[in-house]
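In the two assemblies presented below, subunit A is common to both, partnered first by subunit B and then by subunit C.
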Partner chain A sequence: MRVIVCLKRVPDTGTSIRIDISGSAIDFEGVKYIISPYDEYAIELGLRQRDASDDGELALVTLDDMSAQETLRKGLAMGADSAVLLTGDFDMDGLRTAKALAKEVESAEAELILFGIKAVDDDQQQVGPMVAALIGRPCVTGVLSFEILDGRAICCREVDSTTEVVEVDLPAVLTIAKGPHEPRLATLKNIMASKRKPLEVKAAALTESRVCVRGLFKPVSRPPGRIVGEGPDAVPELLRVLREEAKVI
Partner chain B sequence: MNMSDELEAELREQVRKLCKRYPEDYWQEHDRARTYPEEFVNELTDAGYLACLIPETYGGSGLGMREAAAILEEINRSGGSAAGCHAQMYTMGTLLRHGSDEQKERWLPQIASGALRLQAFAVTEPDAGSDTTSISTFAERDGDRYIVTGKKTFISRVQQSDLMVLLARTTPREKVTKRTAGLSVFVVDLRDAGDAVRVQSVETMINHETNEVFFDGLEVPAENRIGEEGEGFAYILSGMNAERILLASESIGDALFFIDRCQIYANERIVFDRPIGQNQGVQFPIAEAYIRTKAATAMRDQAVALYDGGEPCGPAANMCKLLASEAAWEAANVAMDTFGGYGMAVEFGVERKFREARLYLVAPVANNLILSYVGQHLLDLPRSF
Partner chain C sequence: MADVMVFLEQRNCRISTSGSEVVTVASSIASEIGGSVHVLVLGGPGTAENAAEFGQFGVVRIDIAEHAELSDYNPEGYARVIRDRVNQGDYAAVMLAATTLGKDLAPRVAALLDVPLATDVTGVRVEDGQVVIERPVYAGKALVELEIKATPALMSLRPNLFPACESPESAQVHMFRPDIDPGLWPVRVLERKTLAKSVLDVSDASTVVSGGRGMREPSNWRLLEQLRDALGPGAALGASRAVVDAGWRPHSEQVGQTGKTIAPKLYIAVGISGAIQHLAGMRTAQTIVAINDDADAPIFDIANYGIVGNLFEVIPRLVQEIEALRERS
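Take a look at the complex of A and B:
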C-alpha cells in the first residue's frame, strides 16, 4: 500500500499574525511553522494504513519554498518514510497548487492520497478535491476514519452529527477531519531517523496564477463592555439593552 | 545551525509538544492526590526520551548530555516535573560505564524499552547524608551471594522501580585506610526481594515518592555486583557529574517557568492603572532572575560540552548545579512576589513549582558541599571536614 499525504506548513496556531506593509500579505518574519493540524490527522491515518500492510510506504508531498524542508522533517519524525518538496511560490489560486501536486501524485502511483480537510491558515478547502478531479479519481471529504477492504476505502464522515459511511474505489483522494485517532507524537528514534530519510527537492510545475489577494484587514476591535447596573434593579435595563440594542431577544 | 543544533532545537520542540498534553490541571491533580504521573512517564518512555543516553546497541538513542539536558529542561519549563522519572535516564550510567558486558546485555535493553525501571539509587542513610562514606549498610559476602543489612533513607522512586542501584559497605570503615575504600555497588532486583526489603514512604512537601528502605538479610547474587568489590565509591562519583548537570537543567527549566509566568502576569495585571511590570520594583527582580538563569545556563552548557567531549567536568558540573538551583529558587521567590496573593493560590501553579524548586538546593547534594568542594579542590583552601 503506497500512501501519499499532501501537507502544508502553516504559522503556529499560537502565533499572533501581523499584516506586512503591502497590506495584502502576512508578515512572516519570525513566524514559527507547524504542519497544519488536519494534515497531522491525515498523516496519522496514513501511518496506520502503512503499518497495516506488509509493503506499506508513506510519502509526504508539499509545495513551498526551501525552508519547508524543516516541516517535512517533522512529518518524517512522525514516521513517514520519504518526502518530496516541490519548490515554488503557492498562492490563493488553489487550482494552480492542485495542478502542481496532481502531477507529482499521479507519477507516484499511490493507492491512497490524503489531505487535511483544510489548511488552518487560509481555510480554502480546495486543493484536495481539485487534485482528485485532475487525476480523475474519486474523492471523499471530511473523513474521520477509514478502513481498506478489497481495494476499496470505507470512510466514515460526519454529516449533521450523523455518521455517513461512504465506499470508494482505490486509488482515491480523502480529505481528513479531526477524528478519533489523535496524531502520534514523534519518538526520539524517529526524530533522529528523520534527518536521514530521503527528502527530494524538485521544482514545481506551476502555471500562471489567476487569483490575487487585494487586502488583509484585522477585525475591528470591539467596544469595551458596559455595566448596566447591579443586582435585580439592573434587570429591566439589561432586558431593554438586549432587546433594543443587541437585538438578541 | 549545524546538525547538533538542529537536533537539539527539534527535540525541544517535540518535548514541548508532548508536555502540552499534560497541562497544569494534570500536575495539580497528581500533586493533590500525591500520585505518580504514570501517564506522563509512560508517554515519555514510549517516545524513547528516557533512553536517550543508552547506546544504540542496547536499544537506546546513543545521544549525549546535551540532548538529555534539553529534554529535562523543557519538561520543567512546561510546568511539569521530571523528578518522577529523570533517574531512569542516568542511574544506568554506573552500569553502562562499569558493568560487565553480560550485565549490560542483561539489563540495558529492557531499561531502554522501559520494560524495566531502574530509577532508584540508594546512597543516603539516616546517619550519612552529606558524609557519604560514613554509610553503614553492609553487604556481607557469603559464597556466590552477598547478604545486605542496613537502612537507607530518602530513597526516591523505589515503589516505581524494578531495579535499584545500591551503595553498601563491603569492608567496615574502621578496617580501611581510606574512607572512600571498601564500598561496593550492586544492582538489586526489587521484584524478587520479598520481605528482605521493607519500604516506608517519607512524606515530603512535594509530590515526590521517597522512602526509608530497610534491608533485613537481603540476598544479592554476586553477579549483580558492579565492577570490583571495594571500588564502588569511584563508580558512583563518575555518575554524579551526569546527575548534577541534568538536575541543574531541571532547575533551569523551573527558573524559566517562573520567568515566563512573571513576564505574562506582570504585563497583564493592572494595579494603580498600570501593569505591575511597569514598576521597577517588580520588573528588576524579574530581570535579575533572568540574568542569573542565563549565567547558570552558560555554566551548564560548559559542563555539557566537557562531559560530551569526554573531558573532566567535575568543577563545571558542581558549579552549574549550585548556580542553577539558586537561580530557580530566586526566580521562584520573584514569582511569589510578582503574583502577590495569587502566588499562594493553588490554581495558578506557582506555589506548587515553588515547593518543587526548593528541593534542588539540598539534593542530590547540598550546595554547601559544592562550596567546600570548590574551596578545597579548586582554590586550595584548607579542608574543612
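Take a look at the complex of A and C:
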C-alpha cells in the first residue's frame, strides 16, 4: 500500500497575526510554523494504513519554499518514509496549488492520497477535492476514520448532524478531519532516523495565479465588554442586560 | 451581458434556507452587471414544486433537473451536471452556500470548469467589471480582499451572514433532463445515521451553551443541559477542545479553529479560558457571555458580559432565574 500525504505548513495557531507594511501580506517575522493540524491527522491515518500492509510506504508532498524542509522533517519524524518538496510560491488560488500537486501525485501510483480537510491559514477547504478531480480519482471529504477492505476505502464522515459511512474504490483521495485517532508524537528514535530519510527537492510546475490579493485587514474588534458582577448574585443583573440591552433572551 | 448562477441545495425536495441568502447576494451582483439571476436545483421527483418560491428573491429563471438518482447528493454526479449547465450560459459568477455540502461540491466544480474558487466569502462586489470578494483567513484573525481574474468567478458564501431580501420577479421554471450515468459515480453511501432529532447541532443553534475544562467532570454537564433546556428549543451545547480531547464530549460539539465556526445570537462560555483557537470559532457571535472564576481569563476580553464566579454556584442560579422569568411571561 503506497500512501501519499500532502501537507502544508501554517503559522502556529496560537500566533497573533500582524499585517505587514504593504498591507497585502502577513508579517511573517518571528512566526513559528507547524504542520497544519488536519494534515497531522492525515499523516496519522496514513501511517496506520502503511503499518497495516507488509509493503507499506508513506510519502509526504508539500509545495513551499526551501524553509519548509524543516516541516517535512517533522512529518518524517512522525514516521513517514520519504518526502518531496516542490519549490515555488502558493497563494489564494487553490486551483493553482492543486495543479502543481496533481502533477506530482498523478505519476506516483499511490493507492491512497490524503489531504487535510483544510489548511488553517487560508481556510479554503478546497485543494484535496481539486487534486482528485484533476487526476480523475474519486474523493471523499471530511473523513474521520477509514478502513481498507478488498480494494475499497470504507470511510466514516460527519455531515451536519448525520454520520455517514461511504465506500469508494481505490485509488482514491480522502480529506481528513479531526477524528478519534490523535496524531502520534515523534519518538527520539524516529527523530534521529528522519535525518537520513530521503527528502527530494524539485521545482513545482506552477501556472499563473488568477487570484490577486488587494489587501488584508484586521476584523472590526468587538466593543469592550464588562463584568456585570461576581458570583451567583450577579445573575439577575446579567439577565436584565441580556433582555434589555442585548435583547437576546 | 452576463448573468449570475446560483446553485441551490435541497434535502427531501425542500430547498435549504441558506439558498435565499445566496440568491439575494446574486441579485445585487446581477443588477450591477446588468444581467439576471438563474438558479439551478438538482433533486428527486417533487423538487420543482418547491422551487418556484425563489422568484420572490429576484430570480428570473429556475433550472431544475429532477431525477431519482439526484435526490441524494452525489459529488461526482452533481459537479458534472453543474459544469455542463454553466458551460451552456454566459455567467460572470457562480455562487453557492458554504455549507458542508457546498464545501464538498464547489472545489470539484472549480476543477471541472478550470476556475479558482473563493470559499466562505463574507462580502462580494463588482468594481470596474471586476468581481472583488472579501473572506476571512487565519480563522477570522484577518480578512482578505481578493480580485478573481477568471470567469465565471466561483464562490461559496458563508451561511447565516447575508440577510435574505425579497424582490419579486416572475420566475420561469425550466425543467431539463441531465445527462447522467450513476454507474460511473465512484462514491457510494452505505449508511446514514442521523443523531437523535432532539439534539440540535451547535452550528444551527441561535443560543449556544459551551462548557470547558472548568466543568471538572463529564457528569457535571447535567448543569449545562439544564441551562440549555431553560433557554428553549433554539439552544444547543458546545464544548472547548480540552473537554473533547478528554473524551467528555463528542467532537461534533467542538467550537474553534479545529472544530466548528459558529455565529449564534447568544454564546455562553462556561469554564472556558478563551484560548485564541477557541475564540476563532465563536468570535462573531452577536452576544458573548463568560462565566469563569478567574477574572484574568482571556475569555473576558471578548465577552460582552461576564460574571466572575464559581460556575457550580452561578449556573444553578442562572437556570432558576431563567425558569422563573419564563413562568412570568
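Note that in this section the second predicted complex is superposed on the first by the 227 of 249 C-alpha atoms of A that agree within 3 Å, B and C clash if a C-alpha of one lies under 4 Å from a C-alpha of the other, contacts with A are read in each partner's own complex, and residues count from 1 in each chain.
Following the convention adopted for this analysis, contacts are C-beta pairs under 8 Å (C-beta built on N, C-alpha and C of every residue); 3 or more make two chains touch, one makes a residue touch a chain.
On a predicted model such as this, the values are computed, not experimentally measured, just so you know.
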Partner chain(s) touched by A:L149 [first = subunit B, second = subunit C, both, neither]: neither
Partner chain in contact with A:M66 - subunit B first, subunit C second, else both or neither: neither
Touched partner set for A:I21, first subunit B, second subunit C, both or neither: neither
Which superposed partner A:S161 touches (first subunit B, second subunit C, both, neither): second
Partner chain in contact with A:D169 - subunit B first, subunit C second, else both or neither: second
If touched residues of subunit A are counted for subunit B and for subunit C, the larger one: C
Touched partner set for A:K195, first subunit B, second subunit C, both or neither: first
Which superposed partner A:A98 touches (first subunit B, second subunit C, both, neither): second
Common interface positions of subunit A, toward subunit B and toward subunit C: none
Complex contact set, residues of subunit B against subunit A: 3, 6-7, 10-11, 14, 17-18, 43, 46-49, 51-52, 61, 63
Residue numbers on subunit C that touch subunit A, as the complex places them: 75-76, 79, 99-101, 103-104, 106-108, 110-112, 114-120, 132, 136-150, 186-195, 199-201, 203-204, 207, 231, 245, 251-252, 254, 257-259, 265-266, 275-277, 280, 283, 286-289, 295, 300-310, 313-314, 316-318, 321-322, 325
Complex contacts: residues of subunit A adjacent to subunit B: 73-74, 77, 185-189, 191-192, 195
Residues of subunit A defined as touching subunit C within the complex: 11, 13-14, 16-17, 19, 26, 37-38, 92-96, 98, 120-130, 132-134, 138-142, 144, 154, 158-169, 172, 178-179, 182, 210-219, 222-223, 225-232, 234-236, 238-239, 241-242, 246, 248-249
